[in-house]
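Report on the structure given below.
By letter and in written order, the chains are A, B and C; residue numbering begins at 1 in each of them.
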């Protein structure tokens, strides 16, 4: 059993939902050694988030952006936290509705994602800047696996 | 310390929220060996999801279905991803609002769920078919536990 | 590698979103021994929940309460599960929209939270009472860390 922990800084992206599976994979060059385990991906921010969703159609990602803007509108009369801009409080709410961290099984050296699953970075601010992730793998490389 | 990993295929279920705690438990016959650890349940799909909620009243599960249909309606004018049917894009959004994976503590050979907690499979498609889960246990069977 | 597991009972709090980072930290006195790992926090209830969000402005927490009340109103005509009061079914829905558990990286003896991140207890009932958490750490204290 071992723990591997590293950090990954993502370049600034425009507001919206972005597929980052390949970028996460490239940040884990020794994943192929892992026989069985879990990958934990954590975003150290409260106005951007993570989720797992459809990896093929860009329409899914733009429809997600449209729907979250509808469900969590800017400029609601009951928002008091407005000093950082109209996109700020909705960004916090969206971050809690979506995920601050993901845990993904690892099998035979690869993430055990379904055929259509990809990892999204959800940028909820108009100008969010770079985003920091902490990646943690807990795994076994040998025959400690019981099943 | 050990890792046990297995897969579980759930039979097709109708659209809605379904209690699957007993089915998960039956898929883990050697859970009783575990002194302390965590169970990770991962669904390899983007239009069905998992959550933990009330395990007693079927009304909770049907009210969940009604409320998610209200919060994430079909046929919104801003949906572009419509080719797979009117239930498809809402299914993707619901999957991200709910959970792709659950992590549950294990204590003394059982899941440490609260009295009223159960594991739900949330089927968001009208005809979703069978659903694949990956189950991973990281645990200790002996006195490695520090607390 | 080791697993440490303990329980923490939180005092009853009024309905709303409450910052509990310091209380969680105090419940983990030996966290400073941990070189690298993960902390899992699990709430054993279906009408209160956890999330990670902004740790500075109390306005964020009251705006969260206001927005979740708007998105998940009481007394919807389609609720059948009404016997435990008008705040009960919305509490279950909010618990599934937010989180039953959090997983947080540990680095160099501390939770690797971002500068603005804090842990929230979200009390969704008017009179929720005390709430039980299960805390699980999986970690290494020495040079087993590969990265």
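Just so it is clear, a contact is a pair of C-beta atoms (placed from the backbone, for glycine too) under 8 Å apart; a residue touches a chain by one contact, two chains touch by 3 or more.
Since the model is a prediction, treat every value here as computed from it, not as a measurement.
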Checklist entry - Think of each chain as a node with edges to the chains it touches; is that a line, ring, star, complete or other? => result complete
Checklist entry - Any idea if chain B and chain C meet via the same residues, over half in common, or different ones? => result different
Checklist entry - How many Å are there between the centre of chain B and the centre of chain C, using C-alpha atoms for each centre? => result 19
Checklist outcome for this item: Where chain A touches two or more other chains at once, the residues are 1, 71, 97, 103, 138
Checklist entry - What part of chain A is in contact with chain B in the complex they form? => result 1, 36-38, 51-54, 57, 59-60, 62-64, 66-67, 70-71, 97-98, 102-105, 107, 112-117, 138-140, 144-147
Checklist entry - Touching chain A in the complex: which residues of chain B? => result 1-6, 30, 40, 42-46, 71-72, 76, 78-81, 89, 92-93, 95-97, 100-101, 103, 132, 134, 136, 138
